[in-house]
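Below you'll find the structures, each written out as structure tokens.
Both complexes shown next keep subunit A, but they swap its partner, so subunit B is in the first and subunit C is in the second.
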Partner chain A sequence: MKQLSSRLNERIGDNLLTLVATAGMLFLYIPVLVLIVFSFNDNRSLTLPLRGFTLKWYEKFLSNSDMLTAIGNSLYVATVATAVTIVIGTVAAFALDRVTFPGKTVFRRLILLPIALPGIITGISMLNMFKLMGINLSLETVILGHATGLVSIVVTQVYARLQRFNRRIEEASSDLGARPWQTFFYVTLPNIRLALIGSALLSFTVSFDEIPVTFFLTGRDNTLPMYIYSTLRRGITPEINAVGTVIVVLSLGLIILSVYLLRQSEKE
Partner chain B sequence: MNDIIQIRNVTKTYPGNVTAVDDLSLSVREGEFVTLLGPSGCGKTTTLRMVAGFELPTSGQIFLAGEDVTDRPPYERQVNTVFQDYALFPHMNISENVGYGLRVAGMAKADIKPAVDAALATVGLMDKAAVRPGNLSGGQKQRVALARALVRKPKVLLLDEPLSALDAKLREAMQVELKHLHEQLGITFIFVTHDQKEALVMSDRVIVMEHGRIVQSGTPSDLYDHPVKPYVADFIGNSNKLYGKIVSADAGQVTLQVGANSVQSTPGQTRYAPGDEVLATVRPEKVRLLADGEDTGNFSVIPGTVREVLFHGSSCRLEVDIGEGQLFDVDVQLERALHTSGIHGSGASVNLAINPDMVSVFPIAEDNV
Partner chain C sequence: MKESTRRNVTSFAIVSTPFLWTMIFLFVPYMVMFTYSFYLKKFPTFIPAFEFVNYLTIIVDPQYYQVLVRTAKIAITVAASAVMIAYPLSYFLVFKIKSNQLRSILYMAVIVPLWVSYLLRAYTWKTILGNEGILNSFLVWSGFLDQPTDIFLYNQFSMVVTLTYIFVPFMVMPIYMALEKIPRSMIEASKDLGVGPIRTFLRVTLPLSMPGVIAGATFTICLTFGDFVAAFLVGGPNGAMIATIIQSQFGATLNWPLGAALSIVMLVIVLTIISLSDRLERAGRIDLD
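Presenting the complex of A and B:
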């Protein structure tokens, strides 16, 4: 009897957990679903009932040259910021893992600080710096601003991977006659590749929809989030829903790609 | 024969003033199978890593085939290592692992393949060429690590406790295989282990180390029968310890008093005088049980009482009380034990006969144990 009731409790507990989890998921994803549905709805205002299927909002955003420029700017900023970050972050992670130098602890804390700093602080301080140095604001200053924050993402990921890395296989490589650069490209790099890809994808996404730092550091050029934000003053248009849907689909694609890559490498 | 490796007065000190290797000098002849034996922290692995080039000596020199390689990086030394955890490349399959050393040397793909195939054939893993290391058993990984090191045709193969991760059965099989491989290839092997049985089975020469220094270097039987220190007697095999005093010392033969018994020994060069406190060690299997009325010859005889009989399969161990509660272990081959089983029950009285040549004597001051 006791056994039965405990099993019953377990059953109820499981069901409750499923319920709560489902509710949480719905809360997170229903807005996204609404966005997608309304991007195909043949009505200017976002009200029910739905009026029928249309692709005209997609046509509209594809012919909106301001928006296309903004998307192009965002892709440019995210790509370059990610590339810069990966190089600097990887070098820094190696330094933290393998080199002993004075002030190493301070260096580690400092490099991780930007992730804890509000974007507003980063934005204002870099804005001051650029003004002091007499540098004009542009997409390139945005890239530098993003990179400072993203470096901490890459360093944490790559450093964590290096800490788990079996240094013996580098010794084995060297023992087998490989010069240091051969060991790096043939043995070290392939084994930390996933941490690199993972942090690159993450950096790209973070940079792509970053607002606060961009707000302070951009010149006349707008990135996509900034552009969307500026058009919101005139209310949410179905056009925004359309571009939102495209971003959702692309992000989903990126995530599935990264999961697939991770699975593949686990098989290895 | 030529010395393929010479280690001259090498010292390795780590930060914090930890001395891992202390003024060690050692020569290894070409084609020799040398084992560095000792407990963990005795400096054996550090010595090996300095020969490989992973660690630089604090002072001293290392010569490989007559060339000073002390400051050369690992990739410029013609030695290869089999690591304790194998250190196979997880992202490469077996043939890529084995061919790695040839690939980085710039060998053409067409030449690498036959060399890899031959190496895999040597270790019997032809069918695993396309498999990744993660899908191999410990024993198979071991073979891959061997093949990978051997494909470079090194002058010296360094083995850092390569068998310690294998189970007992497999370890014994691999010991024999390694020994065969050594004979077949004629390459110099330097093997590091803390397992004395392993060292005795495989080596031409065993070097016992303690606190970064060499305690004794010799053939396995040398070390076993004539240890120079109680440490060696203790580390290799089992020993009975008898504490006593020298009562007479002639040329080549000393007599010592152990409790109520007297024991003869033929010590090596060490000179003793009557009254010296000494420690004598005797191997359990070098003791014979005397049959009634048997002539003792020049053997020492110690009477005792059997306290315990432990069955070991091929042999039996008797724990014999030789007075004042001191227990003395005697190993008896089972066949002989059967013949004389009548007297070997617990509580039986026995006479132990000990060959003076099999008794090692040490001044008591040296005995730190």
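Presenting the complex of A and C:
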């Protein structure tokens, strides 16, 4: 009898858990669905019931030259910031993995700090420094800000990969007469390739969508999130849903690819 | 060049590049910000000084104290709500989904939104909760309400909902990893000893997954502390956060020294939370080896 009731309890508990977990999943995805559905809805205001299918919000944003300029700016910032981050982050990961030097712990803490620190602090502190040095704000200062914030992502991933890396392969390469740079480019780099590509995709997406650092470091040019942010002052429009849908769908694609690559890299 | 010299040169280059980068773009900016926090505001910008006026203002003027308390309250509420959603979700994924492939697909589906546009994820809640929003029009359309209500948007409720939504994936990640690490044999052993499922959960699973909860809560609280985007979109007049105040010092209010001082206060709070949670996690860690 007691066993029966305990089993019954477990069943109820399981069902309750399934219910709560499903609700959690719905909570995560309903807003994304709302964004997508309303980008195709033929109604200026974002209200139910739906009025019918239209592509006009997409046409509208594709003919909005300010928005297209902003997209171009964001692509430029994200591409350069990712390139810089990958180089600095990879070198830093090698330094942490292979070299002993004084102040290593402090260095590690400092470089990883932007993961947990709110972006506003990175943004404001760099704004202060640029002001002191008399450097005018531009897309390039945004790039420096993004690269600094994102290095932590690359360092974490590449360092994790290097820790699992079998150094014997490198020794073998050098025993066979390869020069250090040859070993690096032909042996080491191909082995950590997945971690590099994965964290590059992640950095790119985050930089493309970034707002707290950009807010303080951008000059007259707007990135796409900054452009959207400024139009939101004037209220919401289905056009934002249309461009938002494109961003969210592309970001989801890039991130899924990146997480997949990083997981594969974990298995290597 | 001798082999050892060359190796030293390489090592030096490998260390110095990122070291210089962190010095120039992290350490120096913090120091500049720290210096500015002692400067004095003087139209149109500010003048060098070594005064504690800005810090004194933060302490004396109740406005800042109130905003700090409100920010802390919202941050803690957000962390608590995120745990309430993330814990059962992670538990379900780890213990109830039997297929490895399905589990990793679902886990990915949960954490992927983390990196998707912060701005847009906050923005959708503005469209959902607003007076003319989706929730209101649904409630009116289905007959629950006679007319749209303002209670959903521009208050602390909408702040908590939006920020919780944003940070749930951040919470799932460490909790999921902590739960995954628990050896199944320990849970089975507890069951074999006749301990019921609820007590097994409370005495075995929950304590062993606590480091994950602490890590997730730390992230959530720290990042909520620095948020001004959600506050701008869904916060309303009573939703101003400490980051909102800081932001306005560098914009409309134009008082950089005060803004710098407030940023230093935020930095100190966040670093304190991180080191406290570090200590808590280390104290609570149970060695499974």
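Everything that follows uses one rule, which is that the second predicted complex is superposed on the first by the 237 of 268 C-alpha atoms of A that agree within 3 Å, B and C clash if a C-alpha of one lies under 4 Å from a C-alpha of the other, contacts with A are read in each partner's own complex, and residues count from 1 in each chain.
By our rule, a residue touches a chain if its C-beta (ideal position, glycine included) is under 8 Å from a C-beta of that chain, and two chains touch if they have at least 3 such contacts.
Small disclaimer: the values here were computed from a predicted structure and weren't measured.
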item: Clash or fit, subunit B versus subunit C on superposed subunit A; value: fit
item: Touching partner for A:187 - first (subunit B), second (subunit C), both, neither; value: first
item: Dominant contact partner of subunit A by residue count, subunit C or subunit B; value: C
item: First (subunit B), second (subunit C), both or neither touched by A:248; value: second
item: Which superposed partner A:175 touches (first subunit B, second subunit C, both, neither); value: first
item: Which superposed partner A:20 touches (first subunit B, second subunit C, both, neither); value: second
item: Subunit B versus subunit C as contact partner of A:53, first or second or both or neither; value: neither
item: From subunit A, separation angle of subunit B and subunit C (C-alpha centres, steps of 10 degrees); value: 100
item: Smallest separation of CA atoms, subunit C relative to subunit B, angstrom; value: 7
item: Residues of subunit A that lie at the interface with subunit B and also at the interface with subunit C; value: none
item: Contact set on subunit A toward subunit C in their complex; value: 6, 9-10, 13-14, 17-18, 20-21, 24-25, 27-29, 31-32, 34-35, 38, 45-49, 88-89, 91-92, 94-95, 98-99, 101, 107, 110-111, 113-114, 116-122, 124-129, 131-132, 144, 147-148, 151, 180, 202, 205-206, 209, 211-212, 215-216, 225, 228-229, 232, 236, 240-241, 244, 247-248, 251-252, 255-256, 259-260, 263
item: Touching residues on subunit A, where the partner in the complex is subunit B; value: 166, 168-169, 171-179, 182, 186-187, 190-191, 268
item: List of subunit C residues in touch with subunit A within their complex; value: 6, 10-11, 14-15, 17-19, 21-22, 25-30, 32-33, 36, 85-86, 88-89, 91-93, 96, 104, 106, 108-113, 115-121, 123-128, 130, 132-134, 136-138, 141, 165, 168-169, 196-198, 218-219, 222-223, 225-229, 232-233, 243, 246-247, 250, 256, 259-260, 263, 266-267, 270, 274
item: For the subunit B and subunit A complex, residues of the former touching the latter; value: 52-54, 73-75, 79-81, 83, 85, 87-91, 100-101, 103-105, 132, 134, 148-149, 152
